[in-house]
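Just below sit the structures, each encoded as structure tokens.
Both of the next two complexes hold chain A, though its partner changes from chain B to chain C.
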Partner chain A sequence: MDQFLQHILNGIVLGGSYALLGIGLTLIFGIMYVVNFTHGELYAFGAYVVFAVVVALEGNFFLALLLAVVLGAVLGGGIEWALLRPLRGASIDTTMLVMIGAWIALQNTEQLLWTGVAKAIRHPFPEAPLVVGPVSISWIRIFVFFAALVLIAGSHLFIRRSRLGAAMRATFQDRETAALMGVNIDAVHTFTFAFGSGLAAAAGALLGPVFVVFPTMGDLAALKAFAIVIMGGMGNFIGATLGGFILGIAEELGAGYISSGYRDAMGFLIIIAVLLFKPTGLFARAERIG
Partner chain B sequence: MKRWLTGAVSWFACLGLLAVPLPGEGAETIKIGVTQPLTGVVAASGNYVAQGARIAESLLNAKGGILGKKVELIVEDNKSNPVEAVATAEKLIVRDKVPVLMGAWSSTYTLAVMPKLMEYSVPMVVETSSSGKITTSGNPWIFRISPTSAMEAVAMAPHVKKFNVKKADFLSVNNDWGRGAADEFAKMLQKQGIRIGTRETMDAKAQDLSAQLAKIKASGGDTLFLTTGVEQITLVLKQAKEQRLAHKIITTGGSSSPDQLIEQAGAAAEGSYHILFFAPWFPEAAPYPALAKEFVAEWKKRGYNFAGLTEGFRGYDGIMTIAAAITKAGKADAKSIQKALWDVQVQGVNGPIKFMKEGPKGRESGQSQPNVFIVQIAQGKVALPGFMKK
Partner chain C sequence: MRRWLPCIWVAFLVSVPLWMRNQYYLHILISTGIFAVAAMSLNLLLGYTGQLSLGHVAFFGIGAYTSALVSLGFDLQLSEGYTFVFEPRPVWLGFLCGVAAAGFFGWIIGRLSFRVRGAYFVIVTVSFAEVVKLVALNWVDLTEGPMALNNIPPVTLSFPGLGELTFWKKEPNYYLVLAVCLLSYLVIRRLVFSRAGRAFIALRENEALAESVGVDVTRFLVLAAVVSAAIAGAAGGLYAHYIKIVDPDIFLFIYTVTMVIMVVAGGKGTLLGPVVGAVIFGILPEALREAARPEVQWIIYGLFMILIVFFLPDGIVPAVSGRLRPRLSPARGDTAEEAA
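Showing the complex of A and B:
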């Protein structure tokens, strides 16, 4: 029973970060229909910004997190502006190839800058874990979990309640009509991509100090993000959030009670099941937005 | 836009063509191919091995090279990936025409490369991999200077009593190396009447190991044998502390780079034991202390990370073994080098290197018998446990 409680706690905490990754991608992949291969690189980028600020410049940890999100959004916006804007209206194959190119270029730039050797980031939280009865959890993971929750809730409110959020939803529902209503389509595209990228960078910045940082760290993260988006339904914000938690808990319980060697396969087993039985996603509703 | 793109593509194509060496070019050097994981999940170790190999290259060339020719290492990145390992080996053999290889760090990468050695008849000195399969599968082009997991277990056996192990658990990377090591150590422990608890594996890319650790904690064992690269060892130590795992942790395979653990895992590394094949903190304990000191001094002079010495020596010993074979053969073709490797006797940083036959008769691979050390991280420093002191 103690072991079960620990697994569930680990799964929920991990799920928070997965959800953050998932909502960033569901904005871009789910509602912009861009198969965003750079999502994992933005994740790695966020982690490296924190590394650069905290370890190389000996700066403040929390400032570094904030900077990572801002720079991640700027980089994402830049990618959209430079690579995707000229291809607006091009086939999905073309944009996919361009995004694969961007992914490889970004990853190799990281390798050139930081070498392939993994780095560790110091964090200001106590090393001794918080112990509650039979289970324990580290302070940094508690912080990461709540930071992720705040970001997810904030993003949700932003897209649901703000004018810009409404413009985003309108644009991806019907571009022509939105343009006729006075929405600046180009700006909305760039902003949405920047927003999703900022969330990916936030996930990397939060998880970098928990794990270690290396240039290919984004590959597995991106795969999981795709799994979450497909599980939750394309463009479904709540679906991606719940999908993140389901994946986290499924991985923990799968590794704990089935086989630890197949831990990372659990997510993909779920995808296969979802695609077979409910191809629109576990939480699909009539509309696809928000 | 399209025209610009076509122009750029053809320009790069031209550059690519020009980069192909012309026949006869470079005949003045003796080429040695090296494939190591310079990027990806086990990049730290691969870079350290490559740095050690570069030291051997410079020292050889400073002494006039081999057979009057300069030694030229061609180091390729196998990206911590068996598919890339095969691609790099093929590139080195077919395009660079190297007569001999060193690589490929992980057992999985080495096993992937091995059929290519058969196909092209090129020998490879294996510097790190420890899966038993490598030397028992009947590949006569393999010469291994690193110990097998079985050899490590045998070296560990007389010390097990001092660790006071009652019940042992295992956490291994889910590949040929990790599973092989868990098998060999479990066998050795069972012979001594020690109970085996849970045996967990982890994907080589996995970052979150909390599920495995929760299960190990619940098994009620007292000692955890951990087999993986330094990156994952760092994560395991940190997360074991988060989950208050009380186990004594012993790493196997010699890829733990303890100084890197002290730096990256901090207090979580305290008390852990590590099986190593070179202990640069105590060069006087090496079989050839003068050589060990010289190697450590050269490593420091180049400003390489001290933590990498426990892996870097492998690259040095591997290249020196190949150099000795080429010198003995008197020429640098694959067949002669393979033949000469059977007769070399090299003084390595680890100790004496000499190949014994292993595997099915008529198709034996070469296996050397290296030295094994056990160190402990105590008070933020690497120490020799009492029983290892002479």
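Showing the complex of A and C:
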């Protein structure tokens, strides 16, 4: 039972960052109808920014996190502006191919810059874990969890309350009508992509110090984000949040009770189960397909 | 002239080992041929039905592993005291098993994901490839995991009157790959020009309309997935018995991307496109090898893919043949999505 509690706790902590990843991707998909294959690379990019600032430049850890989010958003906005804006109105398959090309180019640029060797990031938290009754948890994980929670809540408030958030929601519901009401669709698209990319970079920046950083770390992250998005229903903010936590817990339980080698297969199992029983996502309004 | 052109090409390809003595060049041609088979199989899905399979390397790898395991034999400890022993079988049987196994998984994936398709199909296939890689890495009893399957026997065929022939050398392997290439080409051509092929194209162009005139959407998509996966499995089988070693790196995502680039650059939805793409991208890396590190090469691939989509969205083959004669069917399937 103690072990079970420990797995659940680890899962929830991990789930916070997964939720960030999933929210970023689901916003981009829902609003732009683009399957964003660069999402995992933005995740890796965030982690590498923290690595560069903390280890190479010996800078402040928290400043590095902030910088990772900002630079991630800038890079994402740049990708949207350079690659997706010229292809507005193109089919989802066309943009998908472009994003795959960008993914490969970005990942190998990282490989070229940092080599394939995995790197660790120092963090300023004490090594000794916090022990509460039967379970224990390291301080860095506690920090990561609460940072993720703050970002999730902040994003939610932003989309619900701000004018730009209202424009995003309007574009999601009906692009033409939103445009007629004076919403600048181009700006909303670029902003959405930058926003989602910033969240992905934040997830990478937060999980980088917990695990290690390596150039292909984005591939699995992207697959997990896809699993979360399918679970929550494409374009569904709350669904992606819950999906992130479900995936985190499922992975920890899978690693604990089945085999640690198959930890990363949990996302796929969830995808299969969801597609079999509720293809529109666990928390979805109906989506029109085909 | 046009009728004779294919025959001239085939005659030329058959003649290659007669005057090409350089073993390294032959090796490049063989691996190009294997990739051409894989690219053709991907084209059947991506080009004709408009469904992008981003896990095609999984079918390739399943073909390779199955073929290798059947011809090597294996034993599995199912429970305490009972071990399932599988004796080595002839290579041709292993090859067929590989094709069948890949086709079977194609069927499962098709059944699963064509309930929703589009973006879902892409994500399901890409995750599927990742899981197959995890299984190959972790099921050490069967696959040897990262230690790889070694000493895979080469193809052995017995010809009546000629005795047994074991394909150790490059030349017979070249002919074997060429034969599988031609066979895959003919199978895909036959399928594309059949009723099913017209159904694929109808689906790609306008799914709602196709359905309204009675095309059984899911059935035809699953059919395309099975044939495509089986041919990819055949390419994997060729690979296993030619390279003679199979490890989980066979599932690297980059190989799927290579196939996609071949199809997109050559021209999706054309019969020759993937072959042309495979020739270009089979030979290009070897030519670049001296000049650029692998990372740089992949960066070039990625940028190339973006450039192709921007400036030559139909690919090379339609761009060239489009100048010679009007095309029969549009190569791009954009309308189905917009009709949604």
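Here is the rule we use: the second predicted complex is superposed on the first by the 285 of 290 C-alpha atoms of A that agree within 3 Å, B and C clash if a C-alpha of one lies under 4 Å from a C-alpha of the other, contacts with A are read in each partner's own complex, and residues count from 1 in each chain.
In the analysis below, contacts are C-beta pairs under 8 Å (C-beta built on N, C-alpha and C of every residue); 3 or more make two chains touch, one makes a residue touch a chain.
No experiment lies behind these values; they were computed from the predicted model shown.
Undergrad: Just from the overlay, do chain B and chain C fit on chain A, or is there a clash?
TA: clash
Undergrad: Which of the two partners, first being chain B and second being chain C, lies in contact with A:245: first, second, both, or neither?
TA: In the superposition, A:245 contacts neither chain B nor chain C.
Undergrad: Pick one for A:51: touches chain B only (first), chain C only (second), both, or neither.
TA: Once the two structures are laid over each other on A, A:51 reaches no partner at all.
Undergrad: Go through the superposed model and pick first if A:212 touches only chain B, second if only chain C, both, or neither.
TA: In the superposed model, A:212 contacts chain B only, not chain C.
Undergrad: Examine A:220 and indicate which partner it touches, taking first as chain B and second as chain C; both and neither are also allowed.
TA: Touch partners of A:220: chain B and chain C.
Undergrad: Have a look at where A:29 lands relative to chain B and chain C in the superposition and call it first, second, both or neither.
TA: second
Undergrad: Which of the two partners, first being chain B and second being chain C, lies in contact with A:7: first, second, both, or neither?
TA: first
Undergrad: Which partner does A:261 reach: the first (chain B), the second (chain C), both, or neither?
TA: both
Undergrad: Scan A:111 for contacts with chain B and chain C and give back first, second, both or neither.
TA: both
Undergrad: Given the touch rule stated above, what does A:195 touch, chain B (first), chain C (second), both, or neither?
TA: Neither partner.
Undergrad: Pick from 26-34, 62-70 or 80-88: which stretch of chain B gets in the way of chain C?
TA: After superposing on chain A, the clashing stretch of chain B is 80-88.
Undergrad: Following superposition on chain A, which residues of chain A contact chain B and also contact chain C?
TA: Shared contact residues on chain A: 86, 111, 219-220, 259, 261, 264.
Undergrad: For the complex, which residues does chain A have touching chain B?
TA: These residues of chain A touch chain B: 2-3, 6-7, 10, 14, 86, 111, 115-120, 127, 129, 131, 136-138, 141, 207, 211-212, 214-217, 219-220, 251-256, 259-261, 263-264.
Undergrad: Taking the touch rule as given, give the residues of chain A at its contact with chain C in the complex, in rising order.
TA: 29, 35, 83, 86-87, 90-94, 96-98, 100-109, 111-112, 219-220, 223, 226-227, 230, 234, 259, 261-262, 264-265, 267-268, 271-272, 275-276, 279, 288-290
Undergrad: Residues of chain B touching chain A in their complex?
TA: Those in contact with chain A are residues 1, 37-41, 43-44, 46-47, 77, 80, 174, 200-203, 205-208, 210-212, 214-215, 217-218, 231, 234-235, 241-244, 263-268.
Undergrad: Tell me, which parts of chain C touch chain A in their complex?
TA: Residues 50, 52, 54, 112-113, 115-120, 122-124, 126-128, 130-131, 134-135, 137-138, 207-208, 253-254, 257, 260, 264, 293, 295-296, 298-299, 301-306, 309-310, 313, 332-334, 336-338, 340.
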